[in-house]
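Here the chain labels run A, B, C and D in written order, and each chain numbers its own residues starting at 1.
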Amino acid sequence: MTTEPIMDIAHLGHLELLTPRFAESANFFINVMGMTESGRARDSLYLRGWDDYERYTLKLTASKTSGLGHVAYRTRSPQALERRAAALKGSGFDVGWTDGDLGHGKTFVCRDPDGHAVELYYETEWYAPPPDKKPALKNQAQRYPARGVNVRRLDHWNGLAVDIKANREFFENFLGFRLTEQIVLNDGSEAAMWMTATNKSYDFAYTRDHTGTKGRFHHVTYALDSREDVLRAADIFLENGVFIETGPHKHAIQQTFFLYVYEPGGNRVEVANAGARLILAPDWKPIRWTEAERAKGQAWGLKTIESFHTHGTPPVEKHGHG
Amino acid sequence: MTTEPIMDIAHLGHLELLTPRFAESANFFINVMGMTESGRARDSLYLRGWDDYERYTLKLTASKTSGLGHVAYRTRSPQALERRAAALKGSGFDVGWTDGDLGHGKTFVCRDPDGHAVELYYETEWYAPPPDKKPALKNQAQRYPARGVNVRRLDHWNGLAVDIKANREFFENFLGFRLTEQIVLNDGSEAAMWMTATNKSYDFAYTRDHTGTKGRFHHVTYALDSREDVLRAADIFLENGVFIETGPHKHAIQQTFFLYVYEPGGNRVEVANAGARLILAPDWKPIRWTEAERAKGQAWGLKTIESFHTHGTPPVEKHGHG
Amino acid sequence: MTTEPIMDIAHLGHLELLTPRFAESANFFINVMGMTESGRARDSLYLRGWDDYERYTLKLTASKTSGLGHVAYRTRSPQALERRAAALKGSGFDVGWTDGDLGHGKTFVCRDPDGHAVELYYETEWYAPPPDKKPALKNQAQRYPARGVNVRRLDHWNGLAVDIKANREFFENFLGFRLTEQIVLNDGSEAAMWMTATNKSYDFAYTRDHTGTKGRFHHVTYALDSREDVLRAADIFLENGVFIETGPHKHAIQQTFFLYVYEPGGNRVEVANAGARLILAPDWKPIRWTEAERAKGQAWGLKTIESFHTHGTPPVEKHGHG
Amino acid sequence: MTTEPIMDIAHLGHLELLTPRFAESANFFINVMGMTESGRARDSLYLRGWDDYERYTLKLTASKTSGLGHVAYRTRSPQALERRAAALKGSGFDVGWTDGDLGHGKTFVCRDPDGHAVELYYETEWYAPPPDKKPALKNQAQRYPARGVNVRRLDHWNGLAVDIKANREFFENFLGFRLTEQIVLNDGSEAAMWMTATNKSYDFAYTRDHTGTKGRFHHVTYALDSREDVLRAADIFLENGVFIETGPHKHAIQQTFFLYVYEPGGNRVEVANAGARLILAPDWKPIRWTEAERAKGQAWGLKTIESFHTHGTPPVEKHGHG
């Protein structure tokens, strides 16, 4: 019998996204994406999709540049948080405990091998809608806004990393994430990975950064209910002058129906839909994609756009990619 | 700190459904529902949706009557299976070990307080498609059949039970299922419960059997990708002379977009879609619906059809319901 | 060879709807339905869907009661308008010429046998969007609002009438509308009719008024792009406390995917979708539905709700229906 | 007052498509597209979508090469057919009368300036479904097949032509088609046109043939009910190894949601959806697209694929395109 899996991470909790154009980014997330403001601090705005059960899933922070502030995962129990902290202590990846932030309690901070700031917490504040945002059905977190793209909930995020394998082992060993799909190049090196702690087929993905820069951000994704919603989102982005990078189309990898845009701060944002697809098998066998398979492009033949491999935030001065 | 949750059940594995009209039922599941035959035994046919990762999720068995043969849940690990067996041993609910069936290994059998046969197993056979059923994308279990309703995967099932509370406590304490929603009547008695072991908002539901008969079956549900697929299914059922009991409409409880039909053997079958809705919170607070709320009908106002409260399988000679 | 068809009416142009709750009705059409204000007069608000090419398709007028002010059809040419006026002159149905109204030129007014005011015009003002409503694609009348239900364009309306046959003959003979479907009762009397001047399967329908009152209004319908949009509309009506009378479901007659609500003034409003269905045959053979067929209910089995036969505007004091 | 429009053409009736791989093409249209065989002659198979009211809309003919056999339009009345024949007689475009073909009566044949064979007819055979293809709802031509892509009805076709302006004037003056959109290059020459005789925004389109070859074929399009159906079609084409040239995506011109594939004989086939979009205005003002606008690509930014400008049938030995 093999060792039993670590089940301590419950799900992706929130991201802090940095933007050099704070007001425009805030307008994008509220009026185009249809998100709701649920908190404000000095330089930050806290935002949520209408089905996010926690107070917020996006912390938007004014900054000199774009990119990721930090990413936070909620643990399954207080004990699970302590176990992960204990495992990380002295590993060289650990940063230490903080008191938390608006909406969540004590937090253990670490850095993945690429340097992305990763926070773990258990205590959280459930969203309590004010009267004008109370939903008609009480099993729903918030009233459907019927404004803009109406994103439902945080789905996953994608980081760039220099060493995919090192990151994979970090998330497997210290946090118990399971690999569901990956790209392995002809030379045996790993070029991308999709990992999950839930029944979603991924809670995050890491892709190799061709610039060799550590800790960058590729995109954050909010879920919509249907592919039709993603198509409508494309119409709405078009009407609002939002730059559409690629899509809507279906990824071969993970079969996600995707649409990528850039928010005014330069960060890539995705709206996507996975249909009824779930990973239910507790012993899922990771799907390995080869260079040749990846060269085929997306599911229905769309070639992967060049900028998808090069555009990350914060921007890098100069780089050779290939 | 509270006790940590039991995480030993991975997901609903399959159901055995009894039918007194075997050939017609088989034709319904294959040609109308669009399922694939993946095994045959003396009196049974094994069937699957195109996205089910295991060899089958439905065992259809010729019988004198309709109803449930048994339901099977897969555990998260071999150790988890042993732990659940150990917990059940001597509880009065345990039946004992078997060698398993086509497609899965050793199995621990028990009976819930209502007498439904519940099987637990870990070792399973992953579906291996023959050449003409190989999918174009290798992260998919089987080629999309493009026939009939094209059901994707087993989603949940619904049992009838005389004592809901006793069953809830059984599934919570012995198997670690979590309650997500329930109906509690004015007299404080529980009338229905929805429980999950995954991020789906329910893997099964139990509803009070107004006839006072134990162990009956209400329906089995297969998932479709979108509400549009459910609407199209209604068209296909209509064209095939399948009796549509109610729907498509949206449940207030769980917000599932539902459509109920009767298969030729008399068992109720549902096709449904939950959109992007998932229960991610590890500490989800169960939603309690009152009699008054339930009387409002479904989400958009459809009154719950009377037969929904009375039709179960196998049929009961006579009953007073209300 | 039979006589050639009259081709003089181009399409349904607009409706004037009366409301005793003007402010609430205006809020409903603008903020819930997602329509745009495109004109204002003393007691009237002019409203449009984002794909309506004329300046408006709904004139909402404050009144002591609810119901229809008038309905207007645009002719295919100036000559066609003159021909219809000439045909009606002296028929007993003619009222006479007016100078028109905001947005359209000279108008010939008549009354159908039931007394509904019917206006015919050719000269019209095309909608010219202000800068903030300019669409991204220049083959679209107005920017997609991304607010509320986002109705696309006026589709059809439904009147109540005491004598269906007399009205059918009026619209066939004087205006050249073609009958596409009808209900004929066992006694041979006509109970409902669907007529068109376009490739849509109906531009209007008339249903027998069981109260015996003349000239009443049953509903006005705005088109949405997909059945998914109609389902989403149901969610939005629910969230806004709008009374949903029946649907979403599919009509057997005309196969429209429907959803009926009451606007605050009491008038019934429908949002609907016909998919890709068009009547292309110039010699379409009307579909005749019998009492027995009608008793089956809607396409997927939903029983027709009682109020659908009784609720019309303006309300009638007392009535016997059957 | 301007002259009144010619209203003599009712709609696109059918196409004859030539294929050098008859058996494979037949299999594609029946099993992948989900069409129904409704007739057979020596070298031809007659095919239909489930909502086509006439006996067939596609005549597939074995040939040495691919391309268009002929295209047929149905007139609005017998008189309309005579009027169009009279107008064409002696024009140099007329070929003469024939007795018709399977499913339709006497036919007037002409050739457009580019040499495409164009047939006009009025008498037609309505499809009479055999018992196993009778629909559940009697206002539907045929039972929904629930097989493959399930195309609904013929929507439009696209020809290649050397001189767009000459063809536009031919279809306007002799047949009364109306121009709804066009591409006009910087030098003032016309590069593409979309024309209609119905409320659809186009019944056919002609695009400039860069090889300078006359009479070639670009694609034929069948309508689906929703964008979701088009996406599902992409999945089905992928599973069946059908070459997907481009899409699904939304055209800027006409806003059609498109998906292009090649059938085994080499002809391009489209499945598409126009939502609720109709051209209702009898005096629609043609939308003129410039070179600069066309260079922007499709609605959501997809670049127009090179082969879309070069691939036509039958193939041309050598060509310079640009």
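Going forward, a contact is a pair of C-beta atoms (placed from the backbone, for glycine too) under 8 Å apart; a residue touches a chain by one contact, two chains touch by 3 or more.
These numbers come from a predicted model, not from an experiment.
Asks: Report which interface contains more C-beta contacts, comparing C-D against B-C.
Replies: By the number of C-beta pairs in contact, the winner is C-D.
Asks: Which is it for copies chain A and chain D: same residues on both faces, with over half shared, or different residues?
Replies: same
Asks: Express in whole angstrom the distance between the two chain centres, defined as the mean CA positions of chain A and chain C.
Replies: Chain A and chain C have C-alpha centres separated by 46 Å.
Asks: Quick one: chain B and chain C, Cα centre-to-centre, how many Å?
Replies: Inter-chain centre distance comes to 44 Å.
Asks: Mind checking the centre-to-centre distance between chain C and chain D? Centres are C-alpha means, answer in whole Å.
Replies: It comes to 32 Å between the two C-alpha centres.
Asks: Can you tell me which residues of chain C touch two or more of the remaining chains?
Replies: 137, 226-228, 235, 238, 299, in rising order.
Asks: For the protein chains shown, what form does their contact graph take: line, ring, star, complete or other?
Replies: Complete.
Asks: Touching residues of chain C toward chain D in the complex: what are they?
Replies: It comes out as residues 1-2, 4-5, 7, 10-11, 51, 53, 74-80, 126, 137-140, 152-153, 155, 181, 198-200, 223-228, 252-255, 273-278, 280-282, 285, 287, 299.
Asks: Within their complex, state which residues of chain D touch chain A.
Replies: Residues in contact with chain A: 226-228, 231, 234-235, 237-238, 244-250, 257, 259, 299-302.
Asks: Within the complex, which stretch of chain D touches chain B?
Replies: So the residues of chain D in touch with chain B come to 34, 135-137, 143-144, 146-149, 226, 228-229, 235-236, 238-239, 241.
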